[in-house]
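Note that the chains take the letters A, B, C and D in the order they are written out, and that residue 1 is the start of every chain.
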Amino acid sequence: MVRINGLSKVFKMHILKGKTIEGFKDVTCSVKPGQALGIKGKSGKGKSSVLKCIYRTYMPSRGAIEYDSKSYGVIDLARANEHEIINIRKSEISFITQFLHIIPRVTAIDVVAEPLLGSGVGVDEARERAAGVLTELGIPKALFDAFPSTFSGGEKQRINIARSVIKAPRLLLMDEPTASLDKKSTMTVVELLKGLKAKGTTMIGAFHDMWVMEQISDSIYEMDGGL
Amino acid sequence: MIKKPVLKARNITKIFGKGCPTCLDDDSDFEGNICPDCKSVVGCKNISFDLYPNEVLGIVGESGSGKSTLVRMLYLDIEPTKGEMFLEFDGDLGDDGFSGLPAQAIGANIFSAKSFVKRHIKNFFFGMVYQSAQLGLKLDVTAGGNIVERMLMANNRDIKKMRARASYLLGKTEIPVERMDEPPKNFSGGMQQRVQIAKAISNEPAILLLDEVTTGLDVSVQAKVLDLIRTLQNEIKVSMLVVSHDLGVIRLLTNRTIVMKNGRIIESGLTDQILEDPQEEYTQILVNSAL
Amino acid sequence: MGYIAVKGGKDAIENAEKYLEFQRLKGASDDLSIGQIKDQLYLAVDRIMSEGSLYAPELAALAFKQAAGDTLEASFILRAYRTTKPRVGYSLPCDTKKMKVIRRISAAFKDIPGGQILGPTSDYTLKLLDFGLEEADNAKRKAELEKLLGDIVNYKDYEDIGELPRVIDMLRKEGLVIENKRTKQEDIFDITRESNVFPASRSASLQTMARGETGGLLLLAYSNVRGYGDIHPALGELRVGYVPVMITHPLTKEPYEIGKVKITEAEIIARFNVEGEKPKFSLGYGVCFGHNEVKAISMAILDRAMATSGAKHASNDQEFVLSHVDGIESMGFTIHWKLPHYVTFLSDLDRLRKAQEVSGK
Amino acid sequence: MNSAAEKIDGKNGYNFAFLDENAKKEIRRRILKAISIPGYQVPFGSRELPIARGWGTGGLQITLSIIGKSDILKVIDQGCDDSVNAVNIRRFIKSVTGVEMTTDTERATLVQTRHRIPEKPLTKDQVIIFQVPFPEPLRTVEPSEAETRRMHAEADYSRMWLYLYEDIVKCGEISIGARYPVFVNNRYIMDPSPIPRWDIEKLNNSECLNLFCAGREKRIYAIPPRTSVKPLEFEDFRFRIEDFKGNKCEKCGSANSYLDETIDEAAGTRHYYCSDADYCEKNLNNAVRK
C-alpha cells in the first residue's frame, strides 16, 4: 500500500540566519494493504515528522512516498499537488494527531460526526454513528453535547481518535494515539484499531507504549537515531 | 475524475497611481509596495492561483498586504491594472438551468467582459461577504428584501416562494425569522454579517468570497459565524475564498492558504503545512507571531 | 463717455455712482412713475414686498425703479429700509378661511365646495408676444378698461362670498390627514429678532421661506419633485386674496382692523408615510405676501419635504434649505467675491508656489 | 382673452402648426425610432412652446409634428374635452393649423390626452398622444439619469422590483396609484404617464399607435400596435385596478367607466360621474334613443 524510500526532512529556520535543522534522514520502509507498520525510536528522533511528511503537513526534503491511491492509482505523496492531497485526505487517509485542534462552539458529537457530513451522509445518521464510536471509546453520553475544550486530556484524545476512525479510512496514520490514556482506555483503543485492521484499514503509527506497538503492528521500522 | 479549477487568476496586478514600466513589468522586483521609479503604490503584483471546486482557499497576510484589494478585484468591484481571470462551471446547473455563467464568459478573461456580463457574474456566480455590512447590504431595505433582491435578479416573481426561501436562509444563519421585515441597520454586527452570508448564498453561487468576515466581531459571535460557514461547506457545493489576517480563522476554515505581503504571493500550500512547516522567512515570522 | 480711468478708492466710487446714475437717466424715454410700476408691474412689486418682508407697495415700486428692475437689489433696499422702522406690535392670528378670495383652485378634486374660482391667472394664456401692447397709448388703455368694466360701478378687487371651506378639512374629517402640531401664540419664533437655530421650529421655517428668494425656493422644490427626495405632491388648495390685519386696539382692547394685505396661500397633500398605524396623507403649507404662486407652492412642497425623516437630499434637509433661501444673504455673499481679496489671494499664491517647488514640477 | 392667439397677426404669421419644418422632421424621426424600440425613451431636442413647461408641451410637440390638414383632433384632460387646459391647447392648435376639432372619440384621427385613455378602445386608424411629466419609471429608485439609462441598457431592473417588494412588505399591497410601471415588449420598463391603473389594460395589444412625449424632460417613447404591455406584478400579488365599490355614473348609469368623485360639503354626500365626458354623453344618447 505504501512504499517509502530515502525520505529525509530538514527545517530551514530563517530566524536562525537560515541554519538548517535535521529532522530525519533516509527513511525507507513499506506496508502492505491491511497491515500495520509501527515506527520505533527514542522521542525527538523524528517519528512524528515522518508521519507528518506522509500526511504532507511537512514538506518532505528528499525521497519518495509511493501510495496506491483509490482515486489516483500509484501516486508519490511527496510530490503530489495540493488538490490531490486535499482529495486523498478527504476520502482515503486519516491522521490521529497528538493534539486535538479545538473547534470553538462545536459539540463533541458534531466534531466526530463532521467527516461523514462532508461525504454525503445525512446529519442524523452521522450523529448516530458518532454516538456509537464515542460510547465504544467510553465517552459518557452526558458529554456528547458538551464542548471538547472543557474535556480532560484523555477525553480529548478519544474524541480525536473517534473523529479519525468514524469513516474507516483506507490508510490510518497515528502519532502516539494512546499517549494520554489510562490502561483501560488504551485497551479499548487497541481493540478498536484491531477491528479496523480486520476491515482492511492499513496503518502506520508511532507508539511509545511497546505493548500497544506489539498488539497492533505487523512489522516495525526502527528510526536509526536520525543523526 | 480530475476536476478543472473553478477560478483561474493569472498575473493580477493593481497599481494605485500613474504606474510605470518598472512596476508594471512582470518580472521586475523591488522591496516594499512603493514603486522606486514612479512612487505609485503597488496594491497587488502578478497574483496567480487556481481555486478548485469544493475547495476552501485562505488568503492571509497583514493589513496592507493587498489581500482585500485582490478579493475586491475578483468580485469585479474594482478594476485591475493588469491580469486575467477565467471562470469554469462544471457543477450541476441551478434548478432553472441557470449556471450563473453566461456563454460569453466561458474561457474568456472576465476582466475584459462587457459590463452586463460582469454584473451577471457578480449576481449569480459569486457570493460576496464584506467586512463592513454597509458594503454588502442595503441597510435601509428590510433584511428579507436584501435576500429577495438576489432572487428578483433571477426573475423570480412569486413573493410567497421568495419569502419562504429568504426565511429558510435567515433561519439557517440563525437570524430570528420575525426580524425578516426589519432593516439590517437595527441589527448587531454579528447579525448583519449573517444576513450578508444568507444573501450571498441565496442564488447558490459557485464561489463564495469572504473578506475579513469575522473581523471586529466579539469572540462568541465570531465563533457562531465561523460555525455557520463550516456547516455551509458541508451542506452546499461551493468553493470558498477566505481572506483574513487571523490565522485561527484560516486554520479552521481553509484547506489551502496563500500568504501575501506587499501585494505579492510569498508562499502557498496546504493550510496545515503553511502553519506548521512554513518555508519562507516572512511566513515563519507571521506564523510565530500569532498568539 | 468712454472709460474713465480713475485712481484712488473714494474718487473711483463717486464716479462709479455718477456713471450708474447716468445709466438710469440716458435714453429718450419719459421718467417712470411709481404709480405706473405699482399698477402695471404689480407682480414685480408683490415679489419685492415678499422678499423684502415689508408690505408697502409704493416703497417696493420705488425700490424697483431705483434698482433699475433688479428684484434682488430692490428687495435688498426694502429690507434695509425696514430696519429703520421700530417694532410697534404684533398682529393677531388671522384665519385665512375668511380670506377675501380673488382666486381659489384645487387640483385634487374636480369640483370643490364653494367652486373652483379661476380668477385672474395667466395660466391658460398663450405665451405669445402680444404686439398690441407695443405702443404706449393711454387712450387705448382707458378705452379697454371701460370695455371690460362694462356697467360695473365702483369695482372692488373681490366680492364678499363669505367663508370658503378648506379642501384639506374634508380630508381631515375622513381621518386621511396627519395632523401638524399647532404652535401656541407665545412659542412663535421671530427670525427678525433672533438668529435661526437648527432644527428650527415650523414657525421659524415658514417665516424664513416667506421672505425667501423665489428662485431659490423654486430650485429646491423642483429638485425634490424631479426625484431627489420626491414627495409626490398634489395641490390641495391654492388661494390668492386679501386678509385683514387685526391688532388689539390700545384703548378698547377689541380686535381692530388696520388694513388688508394681499397674500398667496398654498396647501399641498403629499404621499402618505406609514406611521405605525393607519397610512395617512401628510401636509405642506406655504404663504407669502402679494400674488406669487410659484413661491407659495414651492414653500408648501419644501415645508413637507423638510419634514421627511432621514434627509437624503438637499430639499429634505431643513438646515440646508433654511440656510440658503434668503435672497439678501445668498446674493450678498455670492457676489462679495467682487470685493478686493488681494491680501488673502497673495497668501494662497505663496502656498501654491511652495507646493509646486516641493513637488518639483 | 389673449388677443394675439385669435388674429395670429404676429409680425409675419406662423408656420402651419407653429413649429418650423426642420423641427417637425427631427421630431418625426425620433418618433420613428421610438416606435421601432417599443418602451425605449428617445432623447430629442425639445422646443419651447407658448405653453408653460409641465403643462403639455411634450404632447403638443408630437401633435404639431404629425398633424396634417385632413386630421381631426380631440384634446382631453382628466378625460374631459372642456377641462381648462384642454380648451387652452385646442384653441392654440386650432389657431395655428385650422384643423377640424371634435369631442367625438370615434371621429378623431388624433387624440391628445392627459391622465386618461378614452373608455372606448381606439382603432388602427387612430393615434393617441400622451402628455408626460416624468418619463423615467426608475426615478422612484434612482435620482441620477446617467444611472437609470445604464439600468435600462442592461435591463438591470431588480431595484425596481425590490421597491415593489418593500412596498408590499410595508403596506400589504403595491401602493402605486397612477403612473404604474409597465413592462413593454418584454424588454423595457416604461412609465405609462399618470393614467389610472384602470387604463393600463388598454395599452396592451392595442389596435392604435400610442405616442408619449415629455417636453420638459425631452424624451419621446412609443407603444406600437399589437405590443405586449404588462403591469409589473407578482404571481401572488396581482395588479389591481381602482375599485368603485359598485358605484355607477349618476348621469348615464355606466358601471364600467372610470368615475370622478365630487363631495357635496353641505349635504355631506359624495357623487360619481363618468370621467370620459364623450363616453358618458354617448351612453345618455343611446339610453334616450332606446
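By our rule, a contact is a pair of C-beta atoms (placed from the backbone, for glycine too) under 8 Å apart; a residue touches a chain by one contact, two chains touch by 3 or more.
Here the structure is a predicted model, which means the values were calculated and not measured.
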In the contact graph of chains, the distance from chain B to chain C in steps is 2
Farthest chain from chain D by C-alpha centroid distance is chain A
Chain with Cα centroid nearest the overall Cα mean is chain B
Taking each chain's mean CA coordinate, chain A and chain D are separated, in whole Å, by 78
Whole-Å distance, C-alpha centre of chain A to that of chain C, is 86
Rounded to the nearest Å, the gap separating the Cα centres of chain A and chain B is 32
Among line, ring, star, complete and other, the chain touch graph is line
Per the touch criterion, the pairs are A-B, B-D, C-D
Chain B partner, complex, touching residues on chain D are 150, 153-156, 158-159, 161-162, 165-166, 168-169, 233-237
Interface with chain D, chain C side, in the complex: residues 109-114, 118, 123-132, 165, 170, 226-228, 230, 274, 279, 313
Per the touch rule, the chain B residues reaching chain A in their complex are 1, 3, 50, 52, 55, 219-220, 223-224, 226-227, 230, 233-235, 251-252, 255-256, 269-270, 272-273, 276-277, 279-281, 284-285, 288
The residues of chain A that touch chain B in their complex are 11-15, 52, 56-59, 71, 82-83, 85-86, 101, 103-106, 114, 117-118
Per the touch rule, the chain D residues reaching chain C in their complex are 2-5, 9-11, 49-52, 55, 78, 84-85, 87-88, 91-92, 134, 136, 139-140, 143, 170-171, 175, 260-266
